[in-house]
Structures are given as structure tokens and as C-alpha cells.
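Take a look at the following structure, please.
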Amino acid sequence: MSAEEFEPNIVAFLCNWCSYAGADLAGTSRTQYLPNVKIIRVMCSGRVNPLFLVNALQQGADGVLISGCHPGDCHYMEGNYYARRRYTLMHKLLEHVGVDPGRVNMSWVSASEGAKFKDVVEDTVTKAKEAGPMEQFRRRRINW
Amino acid sequence: MGDYKFAKTKLAEVIGAMSDYQVVAPVESGEVVRFAVVDDPAKVTLEFSNTNVPPKELMFPETETLFRFRLGGTDLEPEVPDAAARRAVFGIRPCDAMAYTIVEKLYNWDFPDPYFNNRREATTLVGYACAEPCANCFCPSLGGGPGSEKGLDSIAFDLGDTMYLKTLTDKGEELVKALGGVLESAGEAEARAAAKQVEEAEGKIRRSIDTEGIAEHLPELYGHPFWEQFSDRCLSCGICTFLCPTCHCFDIQDESEGLDARRARMWDTCMFSEYSLHASGHNPRPTRKERTCNRVSHKYSFFPTNFDAIACVGCGRCINYCPVNIDLLDILEKSKQADAKEAQDA
Amino acid sequence: MVDESKLREKAAEVLAREDVRRLIGWKRGTYGFEAAPCVIKDASEAEALIFDPTCVQNPASFITLEEKKPVPRGQEADTRKIAVMVKGCDSRAIVQQLVEKAYDRDHVIVLGIPCLGVIDRRKAAALFGDVASQVSAKVDAEKVAVDVGGDVKTVDRKDILMDKCLRCRYPNPLVYDELLADEVEKWAGDEFADVGEFEGQSPEEKWAFWEEQFSKCIRCYSCRNVCPMCYCVECVVTKLQPQWTRRATDISENTVYHIQRAWHLAGRCIECMECQRVCPVDIPIMTLNRKLTRDVKEMFEYEPGVDVEAQPLLASYNPQDPEDFIM
Amino acid sequence: MMDDTNPYLPYTAKILEAWFETPGDRCIKTFKVSFEDEKVRDTWSHRPGQCAMVGRLGTGESMFCISSSPTEEGYLRFSIMRAGKNTAALHELEAGDTMTVRGPLGNSFPVEEWEGKNIITIGGGIGQAPLRPVINYIRANKDSYGDLTVLYGARTSEDHCFKGEFEEFFSEGTTCHLSVDVEEEKWPHFVGFVPTLLMEVSPSPDNAIAVTCGPPVMINFVVQNLEKLGFAPEQIYTTLEERMKCGIGKCGRCNIGNLYVCKDGPVFSYATLKKIPEAFA
């Protein structure tokens, strides 16, 4: 597969109150975002277990996006602050193992930022395209 | 059977000549020596006392597919190894080869296990006698030794510049034939040198255990407080059992990728608490004390009661690698002093 | 150096107390450079206790390893204390366990031992080979004196002590009820040069390294079990419902296991290096932990296991936390 | 009966009927199954007390006793309590679905040796499942045996397995004593734990065999009480369970002492178990 043809699989964990609504807004206002992204709605970015991310990469995602409310705007007051610490660190750890840093992304997208959501998805896809297919520790039926 | 030799410098050539076989030999990877399929004969090393991970994985892989199927379907596609395939294992230590002769009893009672049996059948074992036993070797106490021939098809001795190869079975002889003319024939001198080396190596073994009476005594010690001096520091990790060449317990799990699925078995260990945990939450071996007792008793009592062979070959791995110095020989010695009456009181 | 007879005396005294159930310390191992952690229940057994540079194990691990059987009806649970001997690094584990409220402070009696370093068995093997007889050792600020069956050899510290000791920042226990010897002077700092060096590689180089290392893993879980901070009753890697990690050993599951293990120690690892020491296939596990330790320190100015009053890193936040990674 | 060349391969069985025996979190569901492969169906034979690995492809297998007697022809029955991953997956199945069965495994009750004797079965909760084939076998061969006495208890009357069948026992004249652990309205039978019920009924040990199965604690006390009543260890049988993976004596986890529950058991006489200290752990 050449680099041009490669269409990465992106799994996006979006918080119910801001980012999911942002994605929704992009849809209703006919702002087309790239179809590579598969959205999983969670109640809060703080609910995203780092294992979700690792498991997504293991099961075929080439990139992961976690998106929540802007700092200070969390529906649960502080969930996104915890998430921020968590993923800033997780990102560093995965980088140390040799996972391309472009595969793990995080953003703040509010319910009114449909256009930003489109940009964020675009960025994520571009980075994943640069990183290429995720092969490192993907489950590949080894010795099956 | 036959006596052969080759110059040690020609090791890669000899390995290379085994092209009719899939060759498995000790290879260094990531700073440890481990048995692996040889893709480049130059990578084979003989510079090891023994591998960390025993070559039991050659007959009983860490993870192996039993059969494949489609989710939602009912057709099973067994993944049984081919008994007729030819595989040569070069450089296996006598203790590890002897372990196969012990566990194959279990793999053949009541229901023969085609996975283990076929792999064993397909394999020709070329042993590698020990010249320098490790600090915790005690193979002679269990009927083995640095030059033990049990379970082997042929055995190689490192005599300095030359390797002396003695074939022991037809399979071993067949492998030599397949090598073509790479080997020279050896004579009395090499055989004598090898015998001397084995004798010297045996003299260097510093640890031993008298197994007399242990099989009868251990079951009486269930619940005895003496276990606690070991189990209290046990980490419940799998080192002693995963690295044991005779430990044979496994777990079976189903895995799927999309609709493709397999049932596979993988090493498991009685030292994990989940091992015997019932779905109800009841655990017949709830603490490290019962698990330690079970591990030692299984090796030195239950297995010999069932199969007339102790499930231990004296390779010393469980002692060498235990992070908290739980020493099997120490346990056995202390068990001899433990009074069965105190077990009943406890 | 701690006086062993004083240590035994103290241990016997503590064990004789009515409110003490057991004491965790070290005794001489059965061969070579081995020491064995030991759990003693009676003052008469205190004679076996030792402390010297062979005492590598972290006794704090054993506080939470104990499995308690359900208390039979009509009987009361044994709530007596556990006494535990700790080196400087070991004491950080106790601090962190207290931070996480794994148990109450008065559940343990901490006997602190200022330490000048412990022996790395792998380095010792490179110097002395396979030693069968029991070895004892002494360490001071310059040298390590190793006694192999009466034959005493002096070795340079860096050639035999564990790497963690060469960069030790906490040689003196940070939490204790009693100190068994005078405090020692700190001799090193930690610049995390190893982490920086590793980071200098490309993703491909890093992965090539880890692929080889993780392929060796046999998933014996000794790194998890020995860790004083891994004390969950049910571990996510062995959970079946849902099953996050499969039992199969292959590069995918092994990698995920190691990522999970390191991740669960983010902001919690107290650098006792036990995980790396126990690994039977020599995986440099601390490389991952050290990376996180350094980043946690740099990004959040947080160091686990030094302050009993601290909040756990990932259960707290600062609105001003760095967010340059966020798009 | 097992696949001759590969004992790890299960057979596919179709579920003919499935129904819940008891409600709740730990509900028990009974499956009546028949093998898809005609050859297997025709050659299959088992003895009372034997087990089989029952599972779903993709989830796994667990060991269950075959709760139908060999005298019930044309189908096998399994009564399965929901407890873990595999049982939860099995509980999702309904009539018409398929499951896998690998067996028969293990030993069985020595029903021939017991001919001419009075048989007492003492069951608790799901422990009635392995006793059911014994009871039905004896009912089908009434003439060869003395009196059959059935004792069965569960936490509440709702938790009783095989409820309808006890009515049959009463109507056909088989001695049957039922109990519940806690008092409840309109319960005409005994209230109390099974070991107490046993003392209440106090069967005679003369020319008798007692068979018991239930939770480990119950088995413990029942055996103690049987001994008090004068039963010799040789007259007491029980059937055990342990976690199992292979079912054929290889995976190692089900041992008690040197005996493997999957292949040397699950049926043991108390005379055998008495010698193994961990048997009642």
C-alpha cells in the first residue's frame, strides 16, 4: 500500500457534553469531516480508561483521538483535568515504547466548535497518515 | 551406536548441513540464550551454562493453537503438528532432555496428547553434555547427570577444540547420515576424554538431595506450619514453574479476531491464585501456603505416586531464578525434619 | 553500617510486644549473593536476621502480599501490627502505600536502616562467576568488601552495586518509627541521563529494542507481584470479564502487558528496581518506569513516595498543568 | 467415546429444550441436548456421575456433571448455575442453539456394587444435579435396589432444582425429604440446614449407601453427621468439583493430593478422601 492510498483508522473518544455535541454540530451544519474517524461517545473525557486507547491500537486503530470540554467547562467540573494529566503522560509512555507520537491525540472541542472538530480530525488523520499503518503491537494472529 | 567428531570451528557448517531438518538450537537474543529455530547457523551459540527458559517450550510451546473455528460456526480445524516432520534440536542439556521422558508419561495416560506426542516424535534430540555445572545443579540426585543420555538421540561433548558426538538411537544415527560427510569418525581417545569430562563435571556438583521417603512424607505435611517460612515470602509469581522443565500445567482460552477464532492452550502455574479459583469465588488453595505445598508435593509426591518418577530433573532453575530465595532443596530438607503430627494439630 | 546484633536485639524487642504480629526483614540466603526476605513471628527467630549489601529485596512488598483467609464466625480478626525493616528506597514504598491509604500508619512499625547500597546479582556474577557458598559483604562510601567463603575481595562500588544505588537520592529512610543506625550522607544525584539517551532514538529504533525485549517475556508476572505498589486484589491483566489482555504470549499481548504495568505505576513508582531485578529473562523494565518518573517530575513537579501528606498524582490535578500536547 | 485421535476436540450438540430451574443472580438453567453427529449420538454412552466439558466456541469450556441418567435415552441434560464467564455465555443459549460437549469424562458412581442396598441421597442446591442420574437410575432399576431415600435442601423453596420431579417422587412413593434454610410461608416441609435434616431423618446405616453433593461446607457437615449415624467411610460417596481446563488429567489444576478430580473423580468414597488432608479444603 503506498502512502497516498493509506487511509488510517481513527478511533475518537468524545465526551457527551462538548465534543460529541461539537461533532454533531459539524454534521448538522454540513461541515464535512473526514470519514476515517470512528466515534465512541463517553460521558466525560475523564472516563476514558488508558486501556481503551491501548486496546484500540491493538485492535486495528492507526490513531486515537480523545476529546473533551475546554478546561474549566467540564460538565462534571474536573473530569477533563484528570484526563489531561493522564493522556499527557500516556502519550509520553507510548512514545518511549516507540509508538509514533502522532498516533495519540487529544483536543478540547466545545459544543459550538463544529469547525474545530473538523480541523482536529483532519490533523489527526494527517498525523496518522504520516505515521503509517499501526503494525507494532497490533494483534496479528501470531502463531495461529 | 556411532562415534563422530568435528572441529568446534566448524559448528556453523555442521548446523548448516542439517538442512533436511528444521534446526532448533540455542541462540542469543536480547542478552539471553534461548532455543529458537535457526535461520543463520552462525548465530548458534554453545556459550551458555543453561538457557533461562527451558526447551520444554519445544514440545509444549508457551502458547499453542489446539484448533481453529469461525465464531457462530461448528466446524473445527485442528492444528496438530505433523509427526513426520523432521526437526533437529541441537545443544539441549541432558537435564532438559530427561524432563521430556518424565512429562511424556503424563501426556500419555488415559488420553494421549497428540500435540506433545507428535512434536516429540518429529524431533531428534542432540544433547550437549555439561562440563561446568551451575551452583544449584543437582541432577545426579534424580537419576540424571552432566552426561546423562536419558531421552536423547545423540549427545555432544565439548572437548576443547573438537566436539565429540555419540549417537544413541536410530534417530540420532539418521541425523548423522543426513549430514553427509561433515563429520569425521571418532575413536577411543574422544570417548575416554568425554567420560573423564563427565566424571569431573559430576565432581563439581555441589548440591544434592536424598529423595528416599519424601514421596510418602510430604502428603502428611499438608497444613504444617513449616511451609510458612517459605510461603510467607513467596511472590506468587510464575518463575519457578514457568522455568521448570517438568512443569506442564496449562490454561485453555478462546481467542478471536473478527470472526476467526481459535482455542489455544498456554502455560499456567499453580502459583497464581487464579489458577484454582472457582467461578463461585471458592478457592481450594486460597493462600501461598497451600500453593507452595502443592507445588513441592506435586513434584516430589503426587507425580511419583502416579507415574513412578519424580517431576524434577535437578536443573536448579527454580532456585537460581527465585527472586526471594525460596530454595527447593532447602524446603525438602526442612520437610524431612517436619513432624506430621504438627500438621494435624495445625 | 548497621550493627547486626543491635538489629536483632531491636527485632526481638519489637516482636515481644503484644501488639505485633510479625516482622519482615532479611536473612542469609542459601547460596551465593542471595539474601532471603523473611517473615518472623517469634522473638526467638530474630537471631537469623541480617543486614548487609546482599539485602536487595524490598520488604515493603510483603506487607500487602499477605492473603487473609476469611475470619471464621465467632472469631475476631487479628489486627496486630506488622513490623518491617526498610532501607531508604524501601521506605518510599511505605510512604506511597500510605499516600494511597493501602493501610493506616499505625498498622506498621517501621524500622529504618540507612543504607549505602546493595549488590546487583548480575554485576556480581560478572565479577565472581557462579558462587555456591554463602556470601556476605560490607559497603562504605568508597568500596564494597565481598566475603566469599572467608576470601575477602574489595570491589569498586560502581562495579557491583545496583544502578539505583549509584544514583540514590534517598539513602536514609523517609518514614520510620525507629532508626537502627546513624543517617548516612547522600552521595549522588539523578540526572536521568539514561532516559535522555534512550529518548534520543527514533521511534523505529525504540520499537526495535522493545520488540526484542518484550518478545522474551514469559508473563510470569514476577515484576508485577514483587512491586510494592502493585497490590490490587484483582489485577486487570488476569481479569476475564472483561478480558483486556489475553493470556497468549505474543508480541502484541506482551507489549500491552508492559505498557499497562508501567502505566499503572505512573506517578507511583518509587524506583526500588525490584521489577527489573526479578525478571528471569532480563527485560530492562525500569527503562519505562524511569521515563515516567522523570516526566512526572518535570511536568508536574511531583515525586511519589516522599511525602505522606501528598495527593496521588493521577487522582489530583492542577488547572495550570502543561497541555502543549493538546491540539 | 472421546475423539480417538484428539481428546481436545468437542462435539456439537443441539439444544432441544432449555428452562430455568431457579431465579436470581446465580440462577440455574437446565439444557436438554442431543448431538448433531448421528454417529456420536448412536455410540454415546455414559454412567451416572460422569461429567462432560460443556461450552461455547469462542468462550470456553467448563466441567459439568451430566444430570440425566443413562436410562433417559435420546438426550443429555446439564443443569448449569450462572457463576462465571462461560456459564453466563451458556445461559444466553436457547432451544435450537448449539453448544459443545466433550466427554464423557471421569469415573462414576459404582451403581452395580450398590445393588441390593438402600440408597440415601443427600443434596444441597445445585448439588442435586449429579445425584439426579443416580436417583433416576435407581428408580429405573427399582428391583435391584432396596429403599431409595432422597434428601434435598436449598436456601429457599424457589432455589430448589428439579421442583416438579419431587412431586413425582411423592406420588410414586419414593421417600423424599425437602428442606429450606430459612422459614417461609406455606412451606410444608422441614426448615433448617441439610445436615440437620439428615439428623432429623436419621437413616439407618444398615446395608445402606449414602451419596452426597452440595457446597463444600455442607458436604463437610453431612459427612460428619453420617459418621455419627454409624455410616462407615466406605458407605459414604460424594462427588467433587474443582476448576478444570482440559478435563483429561493434563492441565493440572484439579488435583487433590495425587488424585485428579477430572479423571480419578469426580466420584470419591469418603474412605479415599479421608486419607487426603486437602480434600475438604
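As written, the chain order gives the labels A, B, C and D, with residue 1 at the start of each chain.
Note that in this section a residue touches a chain if its C-beta (ideal position, glycine included) is under 8 Å from a C-beta of that chain, and two chains touch if they have at least 3 such contacts.
Since the model is a prediction, treat every value here as computed from it, not as a measurement.
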| item | value |
| --- | --- |
| Result of counting contacting C-beta pairs for A-C and C-D, higher pair | A-C |
| Middle chain, criterion being Cα centroid separation | B |
| CA centroid of chain C to CA centroid of chain D, Å | 49 |
| Length of the line joining the C-alpha centres of chain A and chain C, rounded to whole Å | 35 |
| Distance from chain D to chain B - Cα centre to Cα centre, in angstrom | 39 |
| Cα-centroid distance, chain A relative to chain D, in whole angstrom | 52 |
| Junction residues of chain A, two or more chains touched | 139, 143 |
| Sites on chain B at which at least two other chains make contact | 63, 251, 253, 268 |
| In chain C, residues with contacts to at least two other chains | 250 |
| Topology of the chain contact graph, where touching chains are joined (line, ring, star, complete, other) | other |
| Every chain pair in contact, whichever chains are involved | A-B, A-C, B-C, B-D, C-D |
| Footprint of chain C on chain D - complex, ascending | 84-85, 88 |
| Chain A-touching residues of chain B, taken from the complex the two chains share | 61, 63-65, 68, 79, 257, 260, 262 |
| In the complex with chain B, residue positions of chain A that touch it | 139, 141, 143-144 |
| Chain C-facing residues of chain B, complex | 29-32, 34, 49, 52-53, 62-63, 134-136, 206-207, 228-229, 232-239, 242-243, 251, 253, 255, 264, 266-269, 272-274, 286-288, 319, 321, 323-327, 329-330 |
| Of chain C, residues touching chain B in the complex | 29-32, 34-39, 57, 61-62, 65-67, 69, 130-132, 212-213, 215-216, 218-222, 224-226, 238, 246-250, 274, 277-278, 280-283 |
